[in-house]
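Below, each structure is written out as structure tokens.
Okay, so chain A shows up in both of these, paired with chain B first and chain C after.
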Partner chain A sequence: MSTIAETASRGQTRRRMRVDGWRWAGRIFLVFMLLYTALPMIWMLITSIKSGFAATQFPPQWWPDEPTLASYQKLLDPQNSVGQDFLRFFWNSLFVSTVTTILSVIVAVPAAYAFSRFSFPGRNFLFFAVLLRNMFPAVIFLVPLFILMRVLGLMNTHGSLILTYLTFGLPLAIWLLKGFYDNIPVQLEQAARIDGATRFQAFIMIVMPLSTPGIIATAIYSFIGAWNEYIYAYTFLSKNDQLTLPVGIQRFFSENTTDFPGLMAASFMMSVPVVVLFLILQRYFVRALTEGAVKH
Partner chain B sequence: MAHVVLKDLVKTYGGFKAVNDVSLTVNDGEFVALVGPSGCGKTTTLNLVAGLVPITSGDIVIGDRVVNDLDPKDRDIAMVFQNYALYPQKSVYKNLAFPLQMRKLPRDEIDKKVKEAARVLDMTHLLERKPRELSGGQQQRVALGRALVRDPAVFLMDEPLSNLDAKLRVQMRSELKRFHQDLKATIIYVTHDQLEAVTMADRMAVMNGGYLQQYDSPAQVFAHPVNMFVASFIGSPAMSLIPLEASAANGDTVLTSAEGWSLKLSRLNARKVQRATTKKVVLGARHSTIKLHKSEVSSAIPAKAFTVEPTGDVTFVQAFLSGAIVNISVSPNIAVAPDEQIWLEFDQERMHLFDGETEMALKAD
Partner chain C sequence: MAPPVRSDEQGHATVTIVTGKAEARRRLQPGRSGTLRKIWEHRADYAYVLPAIAVMLMVIAYPIYYTIELSFFKTPPGLQLRDKTFIGFDNYTAILTSQVFWKVTWNTLIWTLGSTFISFVLGFATALALHRDFIGRGVLRAILIIPWVISAVAASYIWKWIYHSDFGIIGAVLVGLGLADRPPNFIDNVSTVLPSLIVVNIWREFPFAMIMMMAGLQTVPDQLLRAAKVDGASAWQRFWHVTFPHLRNVSVVTMLLLAVANFNSFIIPWIMTGGGPSNASHIWITHIYELAFGRQRWGVASAYSVLLFLILMTLGYFYVRALSGNERNEGSA
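Moving on to the complex of A and B:
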């Protein structure tokens, strides 16, 4: 009797140990991932508040002896030529990303809704065509789009970038939003239409509020995609006053080779909008992704 | 309140006919149930009346207007959905107020009507809650309330009770019936549960495969089903349908089973069988019209009890005859054991006869 009980309990302990082992392996892995992503950012932040001299010292100063915000002041000073450039790049990026986001939501919302709710000839084919775009790496389209933009006379305009980012961002935006609309019972709109709403009112008054998290997620996705994009911005734009931040910062790198704190400060400020967006809207973002995925 | 007329209503999806030539009239103040198995086109029919899906052909009249081309909002109807379709982001109060707001009623009138509906449905204390904070039964009430506040010409209900637990369903069934009597409301009520239809409706429209099978009072449908489908769908346990072959012997008409036994028909039943297009005849008998004997009786047919289910008030016995399941109800003080030899006597007055080919009920004249 007692031996059986002992064996059983030992078996249990062993199982628990195995589970614990996996759990610890998982935690250690996560810690590594965290360090892997966070350390470069922390280093970026630390370097950005060093003086140019301190930044190039070896062994490095883990914490600067004389922390300074000089780099930030320089970048944000419209009097100074570096500041002028940086602020212009920042404004360009903001403009391109915002317009891309707005257009992408304006197009994706009705498109996704139509794919979700209506059956029309060619619906499946069109939806497949929308997704087809995402099966190819973006660079494949570099040359064709370059030629297209030249034909359209859009070279060296922000319009060329906005158009390009839309072709990349829209498919996923439509797909994401469609999943969202699929999960809103059609009976809600039907009820609204019976209660006195037109089809459009039912959409605006009932469906839109319910899909806000999805729309916000879609918007964030479009914004970040446009904000970070490098290759197309690098190819389509050549005039200095039109550059977006990713390309502009890279210019810094080649023109002011030794100004590492300036570079890091610029990089940090470039990531601020994205981080802020996420912090404000992460709740919606997570909800959108889970609600879009789980049928209920 | 108003009457509703469906005239040759057809709805096709692609090549598939979901609703097939359905014609029926719902009188002013009448409670009509659309009943049939799942997928038979009940919801589609209701949605056609509501204007939620466009009709392929036919006409719909509500009150004295042909409403074919009217938007749902202009048809003066209210609808209760199976999943309630409460607006999740709105409080109960706002859910109830929504139809009134859309009709641009003054605010104080809206407030009065919402509170009145809440009082009638006994949910004044729930007005500030969101739908997800309510139980299924409470949500159901809110859905009913939202239909009620507006005082529409017709109420459309699509399986409004099917998501409730059994006990609440029975309670809501009587409340709905009460509500119909008090309001003299015209109601079209969709259900797959024949018991709901039988217990609540003034008339029931039995549907199958997109076709209207029979439209009559529950008592009539129960007593005179027009075909084998209606016969087996209405009533629980289902009517037993036994395939047999008709023949004449010594001037009498008899039904013979492939198992060897035969049943002599009364004069009236013989006349019905003569109307059949074929020799194949199906005998239909409800559980309460079959008498079970534990010893041999002339004119009773030998069978073996297969299962025995005591339910308290009655005991249901199942047996096989000619390959068909036969349900019999007996008083609980008659003890029957599975595999026991029994004899079944059919009541000639209350038996149903169907044409084996067309599956239609056979009539004497």
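Moving on to the complex of A and C:
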């Protein structure tokens, strides 16, 4: 609608041609990006409903002659050994990610609030120290943490993962939340305190409700990070019944690498929870990035 | 590098309330410097950050210390670390004189710069193309973000299947179009493996740049763009002289975050190739991992980690500078 209005207001045909040129370039580019993004995922789905035989044809069957949900049935069947493993890995991932998420929020909320509101000595130093954690790869911490976990007796437990995931999720969580708190007027809290609330009460009753979108965004971020994490889980866990999905899937299919439909079905199901979560809550996440990271 | 502590009204309020107490304390302990007194006055504030800092210290400070220590030792395999022997800088000289080191460093450079630059350009362009409202924009944006959300493990398997040397879809398309006699082998070939992996990495990463730049675009004042339009600026001029300068900080932060993430990436090369063939797709991180957990050369791996650490500290310096740039702007606004 706005296009018509603008076109009408603009008298010169030549300029309209030029603007249209950019717009068309944008559209073509978007189509290209859509194909780049979507085709691999579509091919994953198509492969996952093929039989093992149909997947290993050349030239490939663009659409399977006999689509089948056998791979999914196998993965979700608790009677089957493959299904048992898959469901256990799924449960392990869910457990680790949920606990990590809850703990991250509990730890990040007060820290972010303090970084936003108080001016204690070393505040900036600590804040940047926390952010710097994001800079370092898992590998640097891997050997010492491997030893630390052995000392703490956490090898092969989900505790080792939760503890490590907590630290790698915290920096961005704190950063995002701080942006939210920065945008909540201090006067609101001051008013509450004049009315007799303690600082803690003001925090719980005024600040927390206002920062719910930020907390949701933080929670999504922690959950997705923990759900998708691979390298620590790969290193800390060796017992089959402890594995999380990203590692489990690998162990699982390295034995018979030809089962590509099964692998694609497993990849798909591993992606479903985080994609659904993200799509439902994405506006919080995008908004958190806008408020926390960019809008300064 | 100690940034001055900004005091806000809040801090002042607290100080005035406790002045009496602080005064008494100062008289009791005349030797205390101003900083220590301030720390004492704000002691309650630290309680809020303490849990975060405690977790960080345990899982970050200790490992960093330990890695540095280990890098000066010759270590036996099997992590029997009581038997380690001090060898000074031998691990470092061994690394810097090895052939593999330079090969891996070159790969890391190509991987990091290639992935970062292309992801950023594609993400930025997508953000610009999505900036104007149209029907289906929300759906399109959601679809474009999905690769960033799904696990890198899943992404690696999807693309491994796409690149498959016998049944891969790209090979089949190339043969179908008559561009190749038989399906090319993308990831078992020394010259194509790294670019092939970079394509996968970009697939996963451009959405991040897109989100960041979309957020940034919302902060560009509409009045400025309209004013430029009234003054007869073309679309390109408006972009180059109005939009782009506004996004400089966001761009720097985005590119640094991408660069760090790429420098640190592990999953895609590890799952798709394991660093092969003949180290053609080994980057620093996969190489360190293999040295440590594959060949159990903990000392050398630690020395590598320390070098990596130094490089990242340099990048980190610019990251903090870019971020404090943001903070300063906020302060003056």
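Things to note:
Note that the second predicted complex is superposed on the first by the 260 of 296 C-alpha atoms of A that agree within 3 Å, B and C clash if a C-alpha of one lies under 4 Å from a C-alpha of the other, contacts with A are read in each partner's own complex, and residues count from 1 in each chain.
By our rule, a contact is a pair of C-beta atoms (placed from the backbone, for glycine too) under 8 Å apart; a residue touches a chain by one contact, two chains touch by 3 or more.
Note that the structure is a prediction, hence the values are computed from the model and not measured.
In the superposition on chain A, A:W63 makes contact with neither chain B nor chain C. Once the two complexes are laid over each other on the shared chain, residue contacts for A:I224 go to chain C alone; chain B is not touched. Legend: residue contacts after superposition of the two complexes on their common chain; A:T198 is shown touching chain B, with no touch to chain C. When both complexes are overlaid on chain A, the residue A:T164 reaches chain C alone and has no touch with chain B. Contacts of A:L188 after superposition on the shared chain: chain B is touched, whereas chain C is not. In the superposition on chain A, A:L148 makes contact with chain C only, while chain B stays out of contact range.
The partner that reaches more residues of chain A, of the two candidates chain B and chain C, is C.
Taken together, the chain A residues at the contact with chain C in this complex read 2, 15, 18-19, 22-23, 26-27, 29-30, 33-34, 36-38, 40-41, 43-44, 47, 55-60, 106-108, 110-111, 113-115, 117-126, 128-148, 163-164, 166-167, 170, 174, 182, 186, 224, 227-228, 230-231, 235, 245-246, 249-250, 260, 263-264, 267-268, 270-271, 274-275, 278-279, 282, 286, 289-290, 293-296. Chain C makes touch with chain A in their complex at residues 2-3, 5-11, 35, 38-39, 42, 45-49, 51-53, 55-56, 58-60, 62-64, 66-67, 70, 79, 81, 122, 125-126, 128-130, 132-133, 140, 142-147, 149-154, 157-159, 161-162, 164, 166-167, 169, 172, 175-176, 183, 203, 206-207, 211-212, 214-216, 218-219, 234-236, 249-250, 253, 257, 260, 263-264, 266-267, 271, 285, 288-289, 292-293, 298, 301-302, 305, 308-309, 312-313, 315-316, 319-320, 323-324, 326-327, 329-330, 333.
Interface of chain B with chain A (complex): residues 47, 50-52, 71-73, 77-79, 81-83, 85, 87-89, 98-99, 102-103, 146, 150.
Interface residues of chain A facing chain B in the complex, by the touch rule stated above, are 185, 187-188, 190-199, 201, 206, 209-210.
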